[in-house]
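Shared between the two complexes below is chain A, which pairs with chain B and chain C, respectively.
Presenting the complex of A and B:
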């Protein structure tokens, strides 16, 4: 870690614990997160949302101290000029359409009508939602709701973006667009903190990864090396939905990076286990181009990250 | 601002220039517009409540041949309105509207899981709660102020204009209407603040509402000292035409109008401040609901 980066440039957790009555949310978390994309990864119930809510002050720590670029979340009037948060909660103020939703939020910030209008459309454009802006948010699809929440998080140009499962529900194309938006923002010096319960979904795009399990942070930092090692023992799984799965399976199985290619029960897709996800994706592109396959979706299928934790923490991953 | 995150970080738009008061006003305005838009889109229950006294006064107009004995005597209209206002409008409707509107200002946002949209904005939470309270006062006073005026006018409609005109314009008529409007306003302000604050201490507004309703209903039986701890004590004292409280009532000196008005306003300020203090400590935890 560089000594030049000060507290004012980092998101810092010092020995933070949060209990919901008797229930453990997170325990003794210490983190120091630099700018760039940070992936916060853990299975359901591991404490990702709790950690993010603590970060932005929707929850108060039972113990410990949190500082976001030196700011105190208990002074929202200052804090939320610099922080944007897209929550996991999928509820919206009733009766508003996409642009009204963003505009009202900016007006609550105190921006004037004209300024809020311009910022609204800029944000909607960045997430590719201008066309649906006039429709009621309540009628949006899951992917559109994710995007309008993202627009809300970025519309006031914050320095810290906290995004709870922002890729959940996005199709592969939207996912790629959103990921490149994260990259762009992070390259501009922002903190982009993204949670996911799928390690393979975020470790490729993250500059650093925080792994959380049972309320404890079990690993933190650049895990590229860990991942390489891990793939030896725990191959990545990729699910591909396409028109000619048998052809795809036979082509990719010939490659030595692929350990297994199994056709889905409904005959409309292939599940591939691979030691090298990067190489596999290149291979997939090649096969698709050569054979003119029609791909519906490509998604990591490692929903069960427990395997990863077992590897990382050398236990069965039970809460202690 | 010394070297803070703001100066280090990427282009964060400057806050609108000017005193914080101006920004607070524009933020409060934004909260109020948003709340009006989403919170009171179809206030059917409130509209029915506000329409009830108008309907009753109208029925009296239609059946005036039976309902009104002395057309030349406006005192009959005055008496009718005094009863209807104090029993129906003040004790029942304004109380219920206070529970329904102010008890739900925050609670509905928690049930809808939308409170975090406000909590994620750079607005002081005290300001948020004050803006929501003002929205409630605006809505309830608009509806019940109109209801107060229309039903007042209807109360005198069956009477001869030759008697009503001097009563209104040269007698106490308009002053009485003014007093009723003041009571309606203070009831919105007072009950509103009470139920806003109670909402931070009780999960469901029904429990404190029932308790409070009981307390306010037996007000007339309470000894003078305890009377002072009820909202209706002050509101009732401001009503221009007293109605008898029955043989069981414990008599006490009515507070002076200034004590009542200032007292209710101070009570409201204190209760909104308590709400501000509570909301600062509030956490978002939708799961229990």
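Presenting the complex of A and C:
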């Protein structure tokens, strides 16, 4: 059966379950991941790595179907040409230097000596490791190891890049460079799927997120949309910094959709909890205009991955 | 949804044939193996016996070169017969060196990949578990070939060259025995040492395990055969089993003295070797996986 146009552009999981004997890996996962950066978030043991292993064809699902750009791992030659994977573990054959490490895997991919050589240097250049290419990988720092792992994942120019904890161990400068590389790759049309524990970074880099807990996907999509869907259970919080917070609080609190209006401890702002953020923003415009308030900042206080994570999974990984 | 402009290009050029990709593993593994001076010295030593064989064959056909020794030349020729027994002895000696080679190289082949969870690096490419095992086997098989059947056949052809086509025609079974006999031993040793490497992560312990697997069943077999007046004990001992097969491949009779008067039947020896390979493969199959389940 030929893949549909949508299938050819997306990573699709259809009711996928994976059990390791009696141990649950992931259960009934249905996803449709578009190009761009997708953050995979969940506590330890939630099934993130299983999901990634399924995505890159290292595992076969116990149930369900997986399609990566319309392909599956039954045709490895074609499938693995399009998929690049970087595991969370430092796994380096002993004795190899940076360029040999990349070149060896390109040769495994089936690239000839000349192509492998050229692609090796291109990948090393992209991750900023050309100067260290002749050094043994065993002597690399943690950050350099992360970058050389990233280089082996991108060296064969895949369309789908799956990266397990790629930011671990990177210093702030390297982190910024790697994030910028992700953005560049995603803007080029790649699917960049990144798992991370560092929520504010996931929030910063991701176009969409997949939240996973206990083997189940608990939320998926653009983080703002996910947050909107939770408004009933977890009213949106909006922080407003202004010159007369007491007046603003009294005016907005009169509205039905506003559940709470609390003046900040420093007396220079209000935190509002509302079940209808859109209506609240219209109301805010009206109050500001009517009362001539000076607004310094209006920002959602809990519309990030961190807040969604806390609401859905809880700080200790307990689903609330 | 955002509109993404695909500006990356998938490589569309030619690829190397799938069957040849397993050879990438030995190519890079040798960089590590040959860094050990001990190993290089050992490998040099492995060529001493083939070289001595070459000398013996040459002298066998050029006795005049030994004229400075005051011995009758016909007795010298009798003392240096070039026959199946000569080649079998050579294979046996080199076979033991293969075992030492497996001890030196084998334990470090798979355990580092498993210890570091490195298998996904291979298996997330168009490279199967079977190809991975084949590649790791090739690391040992190529080295073992270099010290067994390759010099063995070179000596055979040298002898054929010096003795003439008729000798070659009459002794083709020797060439077959060298080639086939070497490969059986290479397969058994490679798979066994890979299986040990896959299950024992620490190199010294893996080496000790290989020593135990080689010598302890042999000792046990000797005791059992002596006390029970049987050959059954040898079923678990690699070396007597292999030498039984070699002896028969070279068309030589089994010497009862070696087996307490009870030579092992050839079929039993074959079965034991095949069982060893199958058990090793099963052990490898259980360990060579792209993921690890933490229970």
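We adopt the following convention: the second predicted complex is superposed on the first by the 220 of 320 C-alpha atoms of A that agree within 3 Å, B and C clash if a C-alpha of one lies under 4 Å from a C-alpha of the other, contacts with A are read in each partner's own complex, and residues count from 1 in each chain.
FYI, contacts are C-beta pairs under 8 Å (C-beta built on N, C-alpha and C of every residue); 3 or more make two chains touch, one makes a residue touch a chain.
Every value quoted in this text rests on a predicted model; they were computed, and no experiment measured them.
A.B. asks: Who does A:60 touch here: chain B (first), chain C (second), both, or neither?
C.D. replies: A:60 contacts chain B only, not chain C.
A.B. asks: Counting only touches as set out at the top, which of chain B and chain C does A:85 meet: first, second, both, neither?
C.D. replies: Both partners, chain B and chain C.
A.B. asks: In the overlaid three-chain picture, which partner chain does A:70 touch, first (chain B) or second (chain C), both, or neither?
C.D. replies: In the superposed model, A:70 contacts chain B only, not chain C.
A.B. asks: Looking at A:187 after the superposition, I want to know if it touches chain B, chain C, both of them or none. Which is it: first, second, both, neither?
C.D. replies: Only chain C; A:187 stays clear of chain B.
A.B. asks: Kindly classify A:23 by the partners it touches after superposition: chain B alone (first), chain C alone (second), both, or neither?
C.D. replies: Touch partner of A:23: chain C, not chain B.
A.B. asks: Just chain B (first), just chain C (second), both, or neither: which does A:34 touch?
C.D. replies: second
A.B. asks: Which partner does A:8 reach: the first (chain B), the second (chain C), both, or neither?
C.D. replies: In the superposition, A:8 touches chain B alone.
A.B. asks: What residues on chain A does chain C touch that chain B touches too?
C.D. replies: 20, 53, 56-59, 76-77, 79-82, 84-85, 87, 89, 91-96, 104-105, 107-112, 115, 119, 152, 156-157, 159, 188-190
A.B. asks: Mind listing the chain C positions that touch chain A in their complex?
C.D. replies: Per the touch definition, chain C meets chain A at residues 1-2, 4-11, 13-18, 21, 24, 27-29, 31-32, 35, 108, 112-113, 116-128, 290-291, 293-295.
A.B. asks: Once bound in the complex, which stretches of chain B touch chain A?
C.D. replies: 3-6, 8-13, 15-16, 23, 26-27, 29-31, 33-34, 37-38, 41, 112-114, 116-125, 280-281, 283-286
A.B. asks: Applying the document's contact rule, which stretches of chain A touch chain C when the two form their complex?
C.D. replies: Within the complex, chain A touches chain C at residues 20-21, 23, 34-36, 45, 49-50, 53, 56-59, 76-77, 79-85, 87, 89-96, 100, 104-105, 107-112, 115, 119, 152, 156-157, 159, 185-190, 207.
A.B. asks: Can you list the chain A residues touching chain B in their complex?
C.D. replies: Contact set of chain A toward chain B: 8-9, 20, 53, 56-60, 68-71, 74, 76-82, 84-85, 87, 89, 91-96, 104-105, 107-112, 115, 119, 152, 156-159, 188-190.
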